[in-house]
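By written order: A, B, C and D. Residues from 1 in each chain.
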Amino acid sequence: MHFDLEIGGRVRRVRVERQDAHYQVAVDDRVFLVDSRAVNRETLSLLVQDGDGSVRSVDASVQPRPGSSTLDVSVSGQTLPATLLTRFGARPAEGVASGSGPQQVLAPMPGKVVRVMVAPGDSVEPRQGLVVIEAMKMENELRAARAGRVKTVRAAEGQSVEAGALLVIVE
Amino acid sequence: MHFDLEIGGRVRRVRVERQDAHYQVAVDDRVFLVDSRAVNRETLSLLVQDGDGSVRSVDASVQPRPGSSTLDVSVSGQTLPATLLTRFGARPAEGVASGSGPQQVLAPMPGKVVRVMVAPGDSVEPRQGLVVIEAMKMENELRAARAGRVKTVRAAEGQSVEAGALLVIVE
Amino acid sequence: MKKILIANRGEIAVRIIRACRDMEVRSVAVYSDCDRAALHVRMADEAYAVGGNPPRESYLRIDRIIDAVRRSGADAVHPGYGFLAENEEFAAACRDAGVTFIGPSPEAITLMGSKTAARQVAIKAGVPVVPGTEDPLGDEVSEADVLAIAKRVGYPLMLKAVAGGGGKGMRMVTEPSELASALRAARSEASSAFGDSAVYLERRILTPRHIEVQLLADHDGTVIPFVERECSIQRRHQKVVEESPSMAVSPELRQRITSAAASVARQAGYTNAGTIEFLLDADGSFYFLEMNTRLQVEHPITEQVTGVDLVQWQIRIARGERLTLDPAAMLVPRCHAVECRIYAEDPDTGFMPSPGPLRGLRVPHGPGVRDDSGVYEGAEVPIYYDPMISKLITWAEDRPGALARMKRALAEYEVRGIRTTIPFFRWILEDEDFRAARFDTTFIDRKLGARNGEPLGAPDDEHAVVAAVAVALRQATGSAAPAEAARAESTSRWQQAARQGALR
Amino acid sequence: MKKILIANRGEIAVRIIRACRDMEVRSVAVYSDCDRAALHVRMADEAYAVGGNPPRESYLRIDRIIDAVRRSGADAVHPGYGFLAENEEFAAACRDAGVTFIGPSPEAITLMGSKTAARQVAIKAGVPVVPGTEDPLGDEVSEADVLAIAKRVGYPLMLKAVAGGGGKGMRMVTEPSELASALRAARSEASSAFGDSAVYLERRILTPRHIEVQLLADHDGTVIPFVERECSIQRRHQKVVEESPSMAVSPELRQRITSAAASVARQAGYTNAGTIEFLLDADGSFYFLEMNTRLQVEHPITEQVTGVDLVQWQIRIARGERLTLDPAAMLVPRCHAVECRIYAEDPDTGFMPSPGPLRGLRVPHGPGVRDDSGVYEGAEVPIYYDPMISKLITWAEDRPGALARMKRALAEYEVRGIRTTIPFFRWILEDEDFRAARFDTTFIDRKLGARNGEPLGAPDDEHAVVAAVAVALRQATGSAAPAEAARAESTSRWQQAARQGALR
């Protein structure tokens, strides 16, 4: 099996092959012999033997982010994102476009709308505050990612909202 | 639902009925209102309201002993055995008779036989040593439960045995 | 004292239940609907429901908590911190119900709970205070009037809730144009957190350290202060890392600042456990800031450096025992201790709360490590309360040892299912200025600002290669185990939303 | 010293890995086949397989361990306790391979490892020894000869392995008729545990306490002894509960016994960490028993009462640092500490080993609690090694506080899937004589004998009623959750066999 993986700021070519009880894994031009054991439902204990014979021990878990092709890879307690690329090196479409198009500002958690700071038609600057939601006793300000004009405001002060509720659309 | 339960040295009549989100449980003439939540695959958090309105909090798990009608009931970290009786108050048959008949002495764990102290035909006293098995770096002496005569010896010194292996039969 | 009701939840309720057990006293929990299976409920001997999820419907309901006191037959109440801990009505309601409130008198709570009255007490005790307003500015004081008063105090200044604590209802204002919105925000937060929207103004000391002194006071007039705590590592005015002793406090300064703290407590006629907070200026002068009339979140570091169990002493003082501790020994640190407050927040999305089910939990152990947690594997972190899930404390013979141990303990800490601030602490621990103890209260916000939203803990290439190996193994073996179902069920929608939302 | 290989497994390997992390030194694990996924392997930075499950095929294979040292590039080896820790050939093999052995010199191991030679050292140091034989009795000495020697020593007497430790190869003999079978058993156990079947005889002190003194010695001749440990709570000569300080040791006796310990170490030219064991007779006189030339299982209680990290100091001494601790402070206990050794054994079936999968694990936390464990939830406790899965340590300002806390911590400890000795410790903690510190080394065996096999922790009626409620809920709700499958898969056959077997 082989695939391309974007991780740590670079695309790497990864190849993996079973070898008896172990796996041979190549990452670009480095080759490892790996012994893997599941230690709980989500965690693998990996012993990764390098070309020089030294064997690193790491606990690893790999969790797909829902609705996205990104994997959260946790190795020895540090998590970093990785993206599996298709055979042709292309990045699969993301659920939400991030660079352009209308911004849909969603409630990131269930909570109460304590302030609405914009009205339809307002133009907004990048990082300008739009709505404040209170959850876990803290007020959290949701801001505009880019400059634009407020198209719709669905949030009302005092309203309780569910996670994912649409609050504001900025065009 | 109701059943008889032998626990803590007595047979108790137990009755349980669902009441909305709670359960009403009677143990002999004491009645409790119980709120139960599963906190992991094996443990229930119970809030047990007594007749006087006080509410005890206990973690409980109930594990059947394999091959037996005994349940190991763990409440707030202390385990005690309980036996579910049939409708007519009788105790269901146990996998192994304990009071009479031939004693089958089995290896309680995998290990190595380091000494065999009896031969077929020997008569043995209660608690007399029969076989010594080494496991976890300790020697464990298996003894006769009752007086009798050794019928069969299957264990040999130096032999590795699996858990449950038949070692000696005493009649 | 045979049975103590704990009018709180989370880690502090668990901490107090443990103290009860350690003294062979029975413990009683109270809980809101969503906390039915919370750790404090499971650990207590008894537990009583007190209402709905929002604090105002449960943990702030004095009537229902007093009702639980009656039903359980508890003879004392420990309020923990937050919720009703600094509410004089609650302390009075306990007294009226004939049970002991484990804390100061209602009068002391009222006196020191008003930040403006507390300043007066400090002044009377001969302890310097930060220049500012001496009277509360309630809703009846207009924005224009506050602007005028602010001009006299001078900019930059701090807007603070009179009833405040924990950084809530607090705002820094650097120039007049910011005052109006800061005032609205502070009043709104103060009102929602404390039920009192009054604020006051204080001159902003530019690069102060936050130094505080824990003390115990018995009913015979003995007041014992402890080695100071260093609490300058704050994010948006909330302490996130504390340590003891402070590297900025010499034995001589320790003498002076702990004596000042004891004088304030004596002046207030204070009893039980309390903490005096000071600002320590770069020139070595210190100012009284406020008094917390309750157990402090960060009390464990004091317990580690002195060997004293503060919660047990709270109970002993409340039942009339005299302080028998050696005051001199309480000012000599036996070790260096550090605490990290682990929050269910995602440091990579601006510290957004990350509630949800705790799918996996492995907690550090071994020498010099203490974990005061309020959760367990399988528990749900609710959205209604403070997102702190645990306090991780480490100690060693010296500061570098305690920090190395914290780094080790954080590496052992594994939380699956929700995001936590663990990567944030790893990052702080690598900071050269932090390691050299060169910081003030603006440290974290400055350092975070300088990152410009860069993700924390960016990996080196070697780390990325090993991570690629892990992905290869997952692809080859089809994940660790039958985890697909579990994952699907427990990754909540809001996490998904948060990561795709406008905040990124 | 940049990388340390730990030639051990289980909790002590984990403890040493933590010390490495705390000092920012890399750690290397070794493992047998069945330990592939053991906690020490997961926690180490690197890990190397060293062979099959029986210790002789892996953890006792000097050649393979030295090979792992070479492959990993480790520059030092920590042997832990047990296995090769007191094997002078291994220490010499490390020296020959050019890496540091973290422990005493091979010469000191040889000298003090022979129990008979060690007695000579003590005599030379002017420290009293228990009357007994001065020469080893190897296999070549016949039973008849041993009988004759025994007659001179006098009954009751102790048969002990010359290479011994940890109660292995040790038997009490009260009359000549018991000698032959005891000799066979002791020689057989000694041979299998230490590879040396030689034994020696010692007069049996009738009701002694087992008191031991930890010490550290650097390469500049500084020897520092620590507050004594009380280790009289033993089952079949194996320590199960330890505490520090001993209630039987006054400050004056502490001076004398720790000085005696230091004299023995100096006489032996000892370096690194070691422990001198003494018998303390009812009349207050004490006798040198033996020296353990390694880290002791119960070292954490000394760490708690003195604030010193003994494992870190072992490493520091091995890399040539001088002891900078204040010797006077090491003899003043800061608190009282207790340790319970939690074994995978079923106290209700005569302490039969209870290996198998650890289906569930919840570990105590909070103030004054330390858990040094070698397992995790989901781990397998193998049959091949010592059944200790964890050491639970608690401490408090005084002994009653430490015991109450131990009781609390044991109540928090939850182990599912295997049996443990936790109920046994609960029972000890309720014993009046234990609580009053009235005991000697025969205490546990006498108390257990008096129970006549009665199950431990027999419940009161109220407990039984609540348990009946739990059964009712299980019947009504159909167990806690989808646990049937998990239970079926993980209840091993041997447990079933054990409970139905002839042992009951």
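Methods note: a contact is a pair of C-beta atoms (placed from the backbone, for glycine too) under 8 Å apart; a residue touches a chain by one contact, two chains touch by 3 or more.
The structure displayed is predicted, hence computed values, not measured ones.
Common partners of chain B and chain D, by the touch rule above, are C. Two chain pairs, A-D and A-C, are compared here, and A-C has more C-beta pairs in contact (counted per touch definition above).
Comparing the CA-atom centres of all chains against that of chain D, the greatest distance is found for A.
Between the CA-based centres of chain A and chain D the separation comes to 47 Å, rounded to the whole angstrom. Chain C and chain D have CA centres that are 40 Å apart.
Centre-to-centre separation of chain A and chain C, using mean CA positions: 30 Å. Residue positions of chain B with contacts to 2 or more other chains are 39-40, 56, 59. Listed for chain D are residues 43, 376-377, 411-412, each touching two or more other chains.
Viewed as a network of touching protein chains, the structure does not reduce to a path, ring, star or complete graph.
All chain pairs that touch, listed by label, are A-C, A-D, B-C, B-D, C-D.
The residues of chain D lying in touch with chain A in their complex are 29, 36-37, 41-48, 71-73, 376-379. For chain C in complex with chain D, the residues that touch the partner chain are 14-15, 18-19, 21-24, 43, 300, 303, 307-309, 311, 334-335, 362-363, 365-373, 376-377, 396-397, 401, 404-405, 407-408, 411-412. Touching chain C in their complex are the following residues of chain A: 1, 3, 5, 7-10, 12, 14-16, 18, 23, 25, 27, 30, 32, 34, 36, 38-44, 46, 48, 56, 58-68, 71, 73, 75-80, 82, 84, 94-96, 98, 103-111, 114-115, 130, 134-140, 142-145, 163-164, 170. Against chain C, in their complex, chain B makes its touches with residues 35, 37, 39-40, 45, 47, 53-57, 59.
Across the interface of their complex, chain B is touched by residues 55, 168, 185, 188-189, 192-193, 344, 349, 352-353, 355, 359-360, 383-387, 410-414, 416, 422-423, 426, 457-461, 463-477, 479-483, 486-487, 491-504 of chain D.
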